[in-house]
Amino acid sequence: MHISEGVLSAPVLLAGAGLTVAGIAAGLKRMETENVPRVALLAAAFFIASLIHVPVGPANAHLVLNGLMGFVLGWVAFPAIFVGLGLQALLFQYGGLTTLGVNTWNMAFPAVLCSLLLSPWIRKGSPRVFLAAAFLCGALSVALSGICVAACLVWSGENFLPVAKVVLWVHLPIMGVEGVLTAMICGFLRQVKPELLQRSVTGGEGEGDAGT
Amino acid sequence: MAPLIELSGITFGYPGKRVFRDVHFALEAGDRVGLIGPNGSGKTTLLKIIMGLLRPGAGQVRIFGKPRGSEKDFREVRRRIGLLFQDADDQLFCPTVRDDIAFGPLNLGKTHAEANGIVERVCALLGLEGFEGRVTYRLSGGEKKLVCLGTLLAMEPDVLLLDEPTASVDVETTARIAGILNRSSCSYLIVSHDRRFLVKTTRTMFHLKDGVLAPVTGWSPPEAPA
Amino acid sequence: MNPISETFAGRTSPVHRLDPRVKIVAGTVFSFLVALSDRPGALMLSAAAAVGLLLAARPPLREVLKRIAVVNGFIVFLWLVLPWTVPGRSLATAGPLHATVEGVRLAALITWKCNTILAAFLALLATESPFTLFHALAHLRVPEKIVQLFFFCGRYVELFMNEVRRLRTAMKMRGFRPRTDLHTYRSYAYLVGMLLVRSVDRSERIHQAMRCRGFTGTFPTFVDFRIRRSDGVFALCFACFLTGLVVMECTPWLP
C-alpha cells in the first residue's frame, strides 16, 4: 500500500528516507553495471504489476509482487523497488514524492528479509519446496509490508491507530493471493526460463551459483 | 440460413486516415474464403472488427444472425469464432503446450479431465503427439504456429479467421496447416500474401484495396477443396 | 491511463521553459515543507503558489482531473475512518457513528496538503519528459547506477504496457473472464511470467544493439542544461517564498 503525501510526521519520513538510502547502497554494491538492464526489467515488471488488477471476492486488488522482487533480486530489490516506485510517482503521480523513502522501505525491507530467511529453501532444488518457499516469500512480504505501513501510521500519531488496524485487516486476503501468484509466477519461470531465477544473473548475492 | 458473418456498410478510419468505406461482406456456412490486398489496406482491421476488438465508424456487424455492438455481444462471438493472430508470440502465454491448448476449453467451462482429453485430440490432429509437455516459448516458429492453431481448434469454433497463417513458417508446416484446414469442418477466412497456400485452401477470393472490398472473379483453383 | 507528460510535456509555458534541475530541487523542497506544515497561513500560501504555478503551466484539464482521482484514493480511505475515530468534540451523528471536529480537521488537513503537493508536482515535474528528468538527476549528482536504472526502466515500462495489452487481448479472444478462482490467478501469473521471459530476451537484444553502437555503460548527456536568467530569477523568488513559509510556520503569532 502506498502512503500518500501529507500523512506522516517528520521523524517517520526522515527515518524511512535514511533507512532506504542505506538499503539502496547495500543493493548497489551487489549490482554490477552489466546487470542494470536486467534489474531495470524487474523494476518495470514491479511497476506494471500495480496496473494489473485481479478479482478478490467482490473487489479488485492490484498486484504488489514485492515478494517476487525479493525472491529474484535479494538486496538488489532495494534499488529496483525504489526506481519502480519513483517512476510511478513521476509518470502517474501515484504514491508520493516525500513518502518515496518510506514507501520503498515498507516494500523492499520485507522482500529482502523474507528472501534472506527463505534463501536455503530457494536453493534446495526440489520443485515442491521451491514453490512453497515462493508462496511464503510472496505472502509474508505482503504481510510484513502491511505491518510496516501500519507502524508508520501509528508512529505518526495515535489518531491513526484505527486506520492502521484497517490496513492490517485489508492485507490479510491480499497475503493469500500474493502468495499464490508469486508461487505460480516462480513456477512458470522455473519451467520456461530458469536462468532468470539465478541471482548471479540479476545481481543478487552469488551464493555459490555459477558466475556469469 | 442467415450468414455466419455479415458486414453491411462498414466504414472505419483513424484520425486523418480512412481505412475503408461502405464495405459489405458475408461469410456463409461452409465458405472457404481468401482475402488479399496490399500492406496497410486494412485486412487485419477487418478481422478485428469481426471479433469486436475495434468498432466501425458506421455500418452494422451481424454475427450468427444477431447484431453485435457491445462488448457483451461479442463474448458469444469469441467463443465460436477463432482468430489466429499474425504473431504467434501474441497468442501463446502459458508455459507448456498442454496449458495453452487447454486455456480456451477451461474458459468455456470444461473440467480439467475434459480439457486434457481435448489437448490430446488436438495434438493428434496437428501431428504434434508428444508435444503436450513441451515449453511453448522454446518451440520453433512453425511449431508455435501449429500450437496457436491448436489453441483455437480446441474451442471447436464455427469459424476460423486466420491472419497471415504462413508468415515466417517453413514449407513443411505450411503444407501441414493447409491439410488441417482442408480436413476441418469450420468455415474460414484467410488473410494472406501466399498465393500458393490460398490456392490449396480457398474457394472464393476477395480483394481489399483503397478502402474497397471486391470479389476476385475467375478464382477457381484446380486444387480447391470440394 | 497514460503518463500525463505525454501530452503535457510537449506544450509551452513559462513553467515549461524553466531548467529541469531547478524544477526538481524546487519541487522536492516545496513538497517536504508542505508535508510538514501545520499552520493555516503557511498552508494557504503554499496552496496558492502551487495552484498558481499549475495554472501558469496550462495543463490538460481532463488529465489533471484523472490524476486528482487517482491520488486521492488513499485520502478517501482516510475520510472513511478518521472523522469517526478521532476523539474530540462531536460534529454530526449518523446512527451509531459520530464524527468529530478534530477528525474532520485532520482529514481535511491531509487532503489539503496532498493536493497542494500534487499541484506543485504537476506544474514542476510533469512539464518535462521523463528522460529529460533522468538527465537532470544525473546532473544533480544522483549515483550513476540509479540514473541508468531509471533510463532502462522507463524504456521497459513502455514496452511492457504494450505487451500486457496484447496478451490481455489474446486472453480475451479465447473467452477469458476474470473471476476469483485459481484459473484466473494462474492466467495472470502466466501473463506476468511471459512478460518477464520475453522481455529478458528482448532486453538482451537491445543491449547488444547499444553495444554495437558504442555504448560503454554511461548514457551520454547530450542534453545540455544551461541556467538562464529566468531560472535564476525563479530560483531566487522561490527560495524567498519558501523561507517565508518556514517563517510563517515557526512564528507563533502569525496565523
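Every chain is named by a letter (A, B and C) in the order it is written, and numbering of its residues begins at 1.
Assume a contact is a pair of C-beta atoms (placed from the backbone, for glycine too) under 8 Å apart; a residue touches a chain by one contact, two chains touch by 3 or more.
Since we're looking at a predicted model, the values are computed, not measured.
Between subunit A and subunit C, the least number of touch steps comes to 1.
Taking each chain's centre as the mean of its CA atoms, B is the chain most distant from subunit C. Just count the C-beta contacts per chain pair and the biggest one is A-C. The distance from the centre of subunit A to the centre of subunit C, each centre being the mean of the chain's C-alpha atoms, comes to 20 Å.
One inter-chain figure worth recording: subunit B and subunit C are separated by 43 Å, centre to centre, where each centre is the mean of the chain's CA atoms.
Between subunit A and subunit B the centroid-to-centroid distance comes to 41 Å (mean Cα coordinates, whole Å). Multi-chain contact residues, meaning those touching two or more other chains, occur in subunit A at positions 187-188, 192-193. Among the residues of subunit C, those touching two or more other chains are numbered 190-191, 193-194, 197. Shared contact sites, meaning residues of subunit B that touch two or more other chains, fall at 95, 137.
The touching residues of subunit C, when paired with subunit A in their complex, are 1, 3-5, 27-28, 31-32, 34-36, 67, 70-75, 77-78, 81-82, 85-86, 102-103, 106, 109-114, 117-118, 121-122, 125-126, 130, 133, 143, 145-146, 148-157, 159-161, 164, 178-180, 182, 184-186, 188-197, 199-200, 203-204, 206-207, 217. By the touch criterion given at the top, residues 51, 53, 75, 78-79, 83, 85, 89-91, 93-95, 99, 103-104, 106-108, 137, 151-152, 155 of subunit B touch subunit C in their complex. The residues of subunit B lying in touch with subunit A in their complex are 95-96, 135, 137-138. Those residues of subunit A that touch subunit B in the shared complex are 187-188, 191-193.
Within the complex, the subunit C residues that touch subunit B are 166-167, 169-177, 183, 187, 190-191, 193-194, 197-198.
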